[in-house]
Every structure is written in structure tokens, then in C-alpha cells.
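Lettered A, B, C and D in written order, each chain numbered from 1.
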């Protein structure tokens, strides 16, 4: 039976035709092409990379970037709904799209020169060229400012040394956006996969995001040509701007994962009979379902509000922090609760819930952990930093 | 220092001039007239009834009812913001206004005939005539359908017998809207305070809503004239419609109580120094404040969404249940957390927090307990009743 | 109907005859003498000080101190059970006993010389002489090390200056144990109520612990005779040792408050009928009751374990921190949950729940806030201080 | 680095030499033999069945049954500690031992005749003969009373028909203890794996307990010889008695899983540096660790208390329900919290946490779901059944 998004508050009435259409086209694609194979991909630990060109064709890669660069040029609500639908399938699928669009295409668009935009964006939008985003290092997750990766100027370019960890798409990327310190300032570099001295190492034994590729990136005296510097990048705030884009998409994506779990649990509760009635008719089950639908409904309002603000250029990064923090925590809670409703059936890959639950552990941590977002918001409201 | 409502998500930008003005005028009145005396009222257990005419003049009584009946004719968002401001002061003040407007004026408007509307609404809007709403009975709270209060037809009217409990405004009301079974069907009656056989008894020893009047209503062979029947009332759904009106206002009101607590705690955390820095600079305090501001922000979006729907006639009672349930639980949580931030100072009447916390216990229970709303929503989403 | 302590785990079987007898005698006294008037005391904001001599006669004051000083010489489990019974009545009553015994008699016993012990302990055990404990200052709650109160040596004694806040028993105490810096080191002083320059100010408008006296202590050039120094006190660790004694009693006391609330809610749930059956027969109510009884049962095991360790001299302060932190938070949760089970009835003084709930807010904060105990334990397990 | 069990409350001092020794011998075995391969087993979905004979030799199978039947004859605390150590490794390993000992050897001991005891127990204790326990059916989990599996008397025995689901050890068992209705009453039968008409089907695609075998059991006209009836079994209470044995072990086992997660997170927090200090030095991390150690410590007291009661024959099933419910929920919470402390590292099989977290989802559900135990306890304390 097909996935139904939650609309307890009748929020669909606030969506435009185009927004509804974007959601529908992605949902249809997901149901037809990805859902049938995602459980197996997850169990076997492989990413369905054969679908990338179709995702490109569908327009989901960098969907909120301008049409002049081959992108769909959708508004941010449509973009968000696309993320929701992808993650209703699997966080790994949405992660692929987030990395490609928000963490790679966006910085090329925002910090690259026109030549770089022309060279990369159209190919990336089409899914013919894959990117990854190298910011996190093995020992620097929550505080990237202390990164060790370093670029030194040489004739004709830069020599890059260092290592990045937990990089989605790393081993399949054609180009890596790598953040490194140049003269003490963090700058972005486009690193071609064939660069001598650049290697990747697959991160194995994951018990989360198994249908997604995670890698380490290693740079040993890599020569990066001058034209591969993202010229307008300057300082930590540049990668943080990318993270804000990605977090915005995650806030919507988490909604999708939550809806998928809730939808599954609700239907199960209506069909599973114990003690002579559907378990959805027991108070303890209703309490769980009601907490879930309430959490989802509030997260929907939050996403829509942020989307409308983003479209008018009024969205603040700290507001995105709230949405990322809140929605992922909500989704994780929903996944856990849904799991309990399904009883023993909840632990198999026959239902998407355990997979979502495991995936959301990564989502909770990446792109700013729950705790880091707490402290970002805390600093904003109190005027006091509590990081250190 | 004056109360500041929370606007982390910049929701004010979505409010109209009129809405902002309604909020401001009530806030100014509250700060000037009620805040200075509310702590004492609470401690001494008295309702500041001398302010009722001013509340009438300000237009807060039945503010969303039509101007042709002497009411302010505001939209439901402006009305909600008024409830928010009143409860930012004290739940007892907002309760007075809710009872007067949503539980008394509304049913007269909705179920009364034109004569009844003319007779009561203008006087009630002006605060010259006070109402109370008699539905709950000592032994029937969550299931009013089983009420014992009964009306029997006699020549020229009805004989009313029974008792109602936990009735806000009871002892100061000029007229009581009383729900009773007539020929087995629940109907509404306007009972004048001077009716022979009608008496009230003040509910004493309250440790919540102390700045509000709560009473029992007792009816012994009261003769109610024919013209005091609310003709269009028919069945339990009539008082439930009133409750939906009131719950809508409570959802907004709870926001006000929460904002007052959060605002107090935030300021305190910025000023109170321990271990050499403002406690707002500690991670544990920030975590608390961030949870609070997140909860408040989501509740604001929920209220606004419901208000806009209500104005277009698209609001469903079950959606109001979600808002009442969610927002009051959120406010209670915010009050409790705020209390802990203030340490020992948090337990005195010098700060509004303990008062709000105690008040919200009543709000959590009245107009449909948290649990009843859970089961209302649960029934709606599962299609199964779990009440019985 | 009389209070029944919880014994889901049949822990009574592990108690000695003497322990059971101590519990019974205090319970009987509480039921006969304090319960009938506690609600009124609370509502009117007065401490029932006429009962102090009877508490003395009963042996509850400093009950775990040696008989040779006129004390009951009970073991620490019996002592704990006494605290439980007193707080099952009201946290204010238990607070009186904690201050008298753990915070005043104990330091005189532990840090005083033989003369001081002889002079004070017997009188205090009998309730003829009342003490208070002055450590907290208006601006120094969680970090008493930074206290400003100061003693300077003069001929024949010391000159004391400073102020203490939130002092239980302050205005009725005959002697105050005051902690002040002497040559930069914190020392304890016995300050007679009649000392010139010493005054107290009642803390009014409390909405918690209303049946308890709270005061500020003010010292202006008070001359304290040499013999009033607690000689063996040296440094912050001396008052902290007192706090450990008091916290131990609080851990037991919180159990009493929790049991009283649970007991009340359980009985109510068995008698209150809605929708045709006792509300105790609904899943949502059972879930609440089960969480409560589970929390209480675990806290009981914790108390008993600590009591046995204390009796053998093996109890560590950080273990007491865990019990104080856990049990008070548990009791607060139980009080709040119980309140919701009683619906509207839960807000009146007819039932003890609202009173316990409000009281426990103070208990949560005093003698080391929940957060401070978290950080004490955190430091112990990680080896890292996170206070500053 | 080797696993350290938590002993914040110095509970080890209450354990006997034998108990400590039992714990140590199992811990040593687990560290040497199972820990090195468990992550791979889990990832590949296989149970390390080659270790069964060694588990037998170690004496862990049916360890609390009498020596005269070849069992270790340990007391129930030693038995519990063994379960703790096995589950500190993996819930699947402990599940194997629980099924073998509590669900198979116990009923043979309790409901079997002397011949059956002689025939099976020694072999099972040695791990040479493996059992499984067939109670749950595809459509009857929480209410086994409604089971459809049925035995009909025929000459020389019984004809068994039906199906069982979620059966640990199913596909590797030599003998199945099968519960079926005979003349309307539930009875236990020993079903040999070679019985004609008996087949098993491996449950695939599990995302929890992957290092454990789960199967369906199918019975089509199986002829069960007369002597394979467990004669003393009579009614549902017989399998429930088995469940009580198993739940007792689960309560201890969950402790082990929790300790492993906490131990991992604590060490990680002491070594992982961010923002210039070990993350264990941050308030938010300490709060998490403190909640965990508090939860574990209380669960330890609960287990020990129950063990001592079990040894004296005073343990009630409802008390075991509390321990199973509480400890598994605690362990799940600890696993989830630990996971967040490890950040990205928390999602890999390099650390045991994600595995424990996923496993505990099954443990939460099996042997009486959390909700069922809530209602069992709820019925016990209120006297009202809320199941139906």
C-alpha cells in the first residue's frame, strides 16, 4: 500500500500546485523505483547508484538552484517536499541528494566563479557528475574551526594535505569540495577524483545509513590548480552557509522519515488484532500515535514557515538550527515509538521502521549534532557562548 | 521590566496591524492594571472583579463575536492574542474571559434566539452582566453525557434539578448557562442568579487558579421560564461546540503563560551569576531555555495556523483538541523548567512562575483533560474509540 | 483513611523490629497530630511550632545521634524512615527536623567541642532549643565557596558581618550555625539569637513550603565569643559534610512525599468512576500508576542500600548525591502525575498532592540543586569538573 | 580494553565469592571467545553456534537448576550475573542461554516427569542438545491464551497442528517445547526435530538480534508420542511460569547491555577531545552519563533484591514484571544516549552500542512487551484489568 503523508492540520491547502506536483512526482518515482529495492540495498550495504541519472532527470539534484545552470529552479518549499519524499524512502537516499545539491552544487553556485558554475552545475544537476563535501575530520567534528587539513600556495596552485572523515558519497564522487586552511583561513577547493595523492577509503561496518556511501578522504601532497579554488569562500562561515542549506533540507527530510514510520504504525495498528480488537483501539497505542501525529504536525508547520521565509530571504541560520534539531529528534522518537507498536514485526526489514530508526541516529549526529544546535540556539537567545 | 512575547521565528511579521494592535492594547492594560496586583490577589485567593468593566471597555469579552451585538468583532487571531496576553498575566484572568466569551456569550449567540442575543450580549460584552457555564458535575467530568441534572417541562417553563461543580465565575455570575437533560436530551438553559432554588457555594482551599472564582451550582426545583431555553441547543454537541471555542482560546492562553515563564527565566539567567558567569552561559541552563523556546515557537505556529483556519471556517474540533492538549502540556513543562532555573527565587510570588505552574494544573485538566484530548485525537486517526 | 507506605517489592521484610517501630510511632503521631492541621497551616502560611516539643519527645530530632547526648541513637535506616514519615505529611515538617538534626545538631556533634555538645545537643533533641543553618547567601547558592560573610578576630572572639538567605527556621531559631570566612577559610560559628547586630527577616509570599519558616539572617558587627567557634570546622568541606547528612534524610523524605501522592492517587483511581468503571481500570491511568510505583520502589531500594552503608561507615557523599537527586526528581514526577489522576479534585487542599508538588519544588532546589548533584556525580565518574 | 561492570553504589560488596567468581568466569570467557567475533556475526547475521559446547562446559546453561541433573546448581544471583555478562556481549547470546535454560530446561524440570528430566536436562546443560520454546503464534503475541495450535488425542499420543513464530533457536533446536491446546487446555509437548510434519523456517531480514537464530515452527499432523507430554503442565499458567524464569534473566541481561554501552560511552567521553577538552568535561555529556549511571545503579539494586527473594522462594511474578519492564527500558535508553555521545563513531560496528540498541528493541518486545508488563502491574495494584 502506498505511503500517505500526514495532513492532520490540512497543511496541503497551503501548498501551491507546483509544490504539490513536485511532491507527487518524487513520491511516484520513489514508490516505483526505489522502495522495491531499498530494504535489500540496506541489508547488503550498498547504495543504488544506478538511479542517480534518473534522480537527475527528475530534477531533484540542486532543485532550488536556478534553471540557467540546468537546475529545476524550484522554490524552497517544493525543494523541501522533495527532501521529505526521498527520506520517507531512506535517509541515505536523501543524504545523497543533500550532499550533491546543498553541500556541493550550492557552494559552487555561491562561492565559485562563473566558469566553475558553468563547468559543474549542469553536469551535477543531471547526475552525471557526483560531488562530496569534505569538512569533518577524524578528530574535528563539532569544532571544524580546528581542522588540520591545510593548503599551501605553490606556483600555479596549492598543495593540499590532510584527511577528512564521514564523507557521504566520498568513494563515488567525481569532485570533492574540500575545506582547508590557507594562510590560516578556511577556504574551499574543488578536488578532482583523479588528483594524484588523493585517495578514499570506504567506511565499513556501518549499522546506520547502510544504503549510503561513507568514506574517508586522504590528501597527500595533492596539487590543486589555481582555478579550483572557490574564490568567494572566506573563513569558516562559508562551509557553515553550506551546512545551513543542508540542514534546511534535513529538517524536511526528517519529516519524511517520521511520516513513513507513523504511516506504517497507524496502518498496522488498524489491522493487528489482539485481545479481540485492533490494537489501535487500545489507549496505550492511541497515546503513542497521538504523540507522533502531534510531533509531525508541528514539524510540518515549522518546515513550511521556514520555507516561506527562505523564499523571501528572511531565514536565519539559527532558525534552521531549531528545525534541524527539533525535527530529527522528533523523527527519531517517532521511529522508536512506531517500532514498539509493531512488536516483533517491527524489527524486520519487511517494514521500514528499524531502518529509519537506525538511519536517524546518523542524521541526529551529522550536520551539527543535536547538542551543537542546542548551544547555537542557546547562544542566540542568551547572548552567552557555552561551547567551550 | 515589561513582558516580551517570544518571537524566535519572527511570526509577528505574519500578523496584521489590527492583530498587533489588539495584542498591544491588552498587554498595556495588563501591565498597568493587573500585573501590579495579581500576586496579592493570588496569595489572598481573590478575583480582581473591579476590573471587569475595564475589560469590557477594552473589548476583550466575546471579542470575536459580531459588532452588531456590542462585541469587538475581531478575527480569531486577534482574539487568540488577547487570550495570550491575559494568561501571560494569570490563567485566572484568562479563564474569566474565556467563560464570559466562549462559554456564555458564544452559546447565546449560537443557540439563542434574537431576543436572547439582544438581551444579553451587549451587556455581557460590556462586563455589566457576568455569566458562568454549568456543564461539569461532581461525578461527571470527562463524560458529561452521563450528567444527572435534569429539566422537566411544566406549564410556562421547566423545573430544573441537579448540581454542577468546578464552575468558574459561579458565585459572581448574573446568569448561568446550565446544561440539563430534557426528555433525555441535553439542552441549554439561561438561569438567572435570583431564581428561587438556585444557590452557589464557593470552592475553597484551592491551590491553583486562586485569583479566580470557582463554585458549585445547586438547583432545587428551580422554575425556568420558557423563554430561557436556548432553543437551538440540541444534544451534547451543543456544549461541546462551546468547549471547542473555549479550547481554542486556551491554546493561545497557554502560550501566554509559557511566554511569561520563559521570559522571566531567560532574563534571570542573564542576570544571575554563579561560578563567575551568568547562569545563562552554562550548558545545562541553555538546554532548558532552548527546549522552552522551541516548544513555545511550535505552539505559536500551531495557534496561528488554527486561527487562520478558524477565520475561514475550516477549523475542525479535533484540531483544536491537538492545540489545547499540546500547548497546555508545553506550558506546564515550560513553567516547571523555568522554576528550576530561578532556584530558590523561583518559589516566591515575586516572580510569576510558581503561580503559572500551579494555575496550569487546572488548565491541564479543565475543558477536556490532556487524556481526553488524546483519546479524541486517537479516535479520529485510528477510527477506534478507546474511551470506554 | 490512613496513609499506607508502598511495599510493592516487600522491602519491609528487610527492616528490623526497631526500624518498623520507629516508622510506626512517627506515622501514628503524624496522623493524630499533624495531618489534621497541615492543610490549614499550609494555606495560612504558618509552621505548627507548638508541636516541636512533642517531636522532641518522640525522639525524631537528631535521631541518629548518640543517646549520651540525649538523642535517640537510632540507626540510619530508622532515621531515614522517620524522615519519610514526616515528609509523607509535609516537606516543611521534615525540613524542620532536617535542619534541627542534620544541619545543626550534627555539626555541633561533629565539629564542636565537648562543652558545646553538652550545652546544646540535649536541649535541641528535646525541642527546647531550636537551631538554623546559615550557609547560603543571596548571591551565592550553588557556589558557597564564594560567600561574602566574614569573621574577623578581635579580643575575646570575632566580629561577624554578612547576610544569609533562604534559612529554614531562621526567625524561630535560638541559635544559628553560621558559616563565615575567617582568615579566608570557612569556619562555623554558633550565633545566639540575642546577639547584638543579629536580626532576621521573614521570607514572605512563598508558594512552596508554606508550612515552614524561611528567613534572611543579617549580621552587622556581631560580636561572637571565642567559645562559639566550632573548633573542628575547617574549610568548605565542613558545611558540605552537614549537607551530606541532610541530603541523606531528604532522599528518604522525598520517598514519603511520593508515597503520600501515589497512595492518594491509587485510592482515588479505585473509587472515581467515569465511563462506567473506576478510572484505575483504564490503560492511561494504569500506565501512570505503574510508572509511579516503579519509581518509588527503586528509590526505596536506593535508600535502604545507602542506609545500610551509612551504618557501616561506607557511604560516600557522591552516592548520597545520587539518592537526593534521583529521589526528589522522582517524587516531583510522582506528585505531578498523581495530580493529573485526581483531575479537578487534585488542585484543592482537600488532598495533599498540590501541596507536596509545590513543596518539592523547594526540595528540588535546596541542599544542592538537581543540576549541582548531576555535576558532582559527573565529576566523580568522568574525572572532569564541569562546574565552571 | 576490557569491559568493566558498573559499581557506583558498591554493590559488589554484597556479592558472595561464588557469585563474583561466576561473573568473572563468564566475563573472561566472553572476552576471550565471543567478543572478538560478535560484531562480524551480527553483521553477517549468524549465530556462533560452535561456542555452544563451551557454554555448556562453562555451566551457564540452566545454571540455576540442580546439580543432580548435570546443572551448575548456582543461586539466582550468580545465575543473574551470568545473564548480565552474556548480554554485555550481545542480547542474542543471552537469548540463546535464556531459551535453553529458562524456557526449555526449566519446564522440563518443573512440568516433566523424572524420565524426561533424566533424558534431557544433562544433555541440554552440556549444550549437546538444544531446545526452543514455542508459545507465540503469528497472530497471538500478547495474548497467547487465544492460540490456535492444537493437540488432539490419538492412540499412543497426540496429533499436533499449528504454527509458532519468532522462535529463538528454532532452526537449530533438537527439541521444541510446544504449547498447544488439548481439550481446550494449554499443555506443553516435547517435539523432536525429526518428527514428521514438523518443519522450521528461518526468519530473515532481521535488523535486531542478528547474531541469534529466529524461526517459525510449522506443525502439520505431527504425531507426538504420549511420553512427550509435559504431564504437570496445566493451563496458560505453565508457560507463564517459564516466562517468569526467562524474564528474571532478562532483567539481569539488560543490565549487562546497559553497562556495556555506558562503559563504552564513558571511556569515549574521557578520550574524545573537542573544543580543547575531553567531551566528558562538558555539562551536556555529564548529564547524559549521570542519567545512565543512575538508571543502571537502580536496576542493579532491583536485580539483586529480586535474586535474593527468588533464592528464598518469595519472588512474585509481578515483581519480575517490574524488573523486566524497568531494566529493558532503562537499557534501551542507555543505549540510545550512549550512541549520541559517540557521535559518528557511534554508528559503526567498531563499538557495541548500535548493536545493543538494535537488539534491545527485540528484548523490549519479547517475553511480555513493555506495555503488557505495565498492565500486569497495573492490574496488581489497582485490582482492575485493563487488557481487553
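The rule we apply is simple: contacts are C-beta pairs under 8 Å (C-beta built on N, C-alpha and C of every residue); 3 or more make two chains touch, one makes a residue touch a chain.
All figures in this text were calculated on a predicted structure; none of them were measured in a lab.
Visitor: Touching both chain C and chain D: give me those chains, sorted by label.
Guide: Both chain C and chain D are touched by A, B, going by the contact rule given at the top.
Visitor: Please tell me whether A-C or A-D has the greater number of C-beta pairs in contact.
Guide: Between A-D and A-C, contacts are more numerous in A-D.
Visitor: Would you mind checking which chain's C-alpha centre is most distant from the centre of chain C?
Guide: Computed centres place A farthest from chain C.
Visitor: Provide the C-alpha centroid distance between chain A and chain D, rounded to the nearest whole angstrom.
Guide: 38
Visitor: Calculate how many whole Å lie between the centre of chain A and the centre of chain B, each centre taken as the average of the chain's C-alpha atoms.
Guide: It comes to 42 Å between the two C-alpha centres.
Visitor: Please report how many Å separate the Cα centroid of chain A from that of chain C, as a whole number.
Guide: The answer is 51 Å.
Visitor: For chain A, what residues touch not just one other chain but two or more?
Guide: Chain A, residues with two or more chain partners: 282-284, 287, 374-375, 386.
Visitor: Please name which positions on chain D make contact with chain A in the complex.
Guide: Residues 39, 43, 136, 139-143, 165-166, 203-209, 273-276, 283-284, 336, 339-340, 343-344, 346-350, 354-355, 357-358, 361-362, 364-366, 369-371, 374-375, 386-388.
Visitor: Under the stated contact criterion, what part of chain D meets chain B in this complex?
Guide: Of all residues in chain D, those touching chain B are 282-284, 287.
Visitor: Would you pull the chain C residues touching chain D in the complex into a rising list?
Guide: On the chain C side, the touching residues are 8-11, 13, 266, 269-270, 277-278, 280-283, 285-287, 289-290, 293-294, 297-299, 301-302, 305, 309, 314, 316, 319, 322, 325-326, 374-375, 377-379, 381-386.
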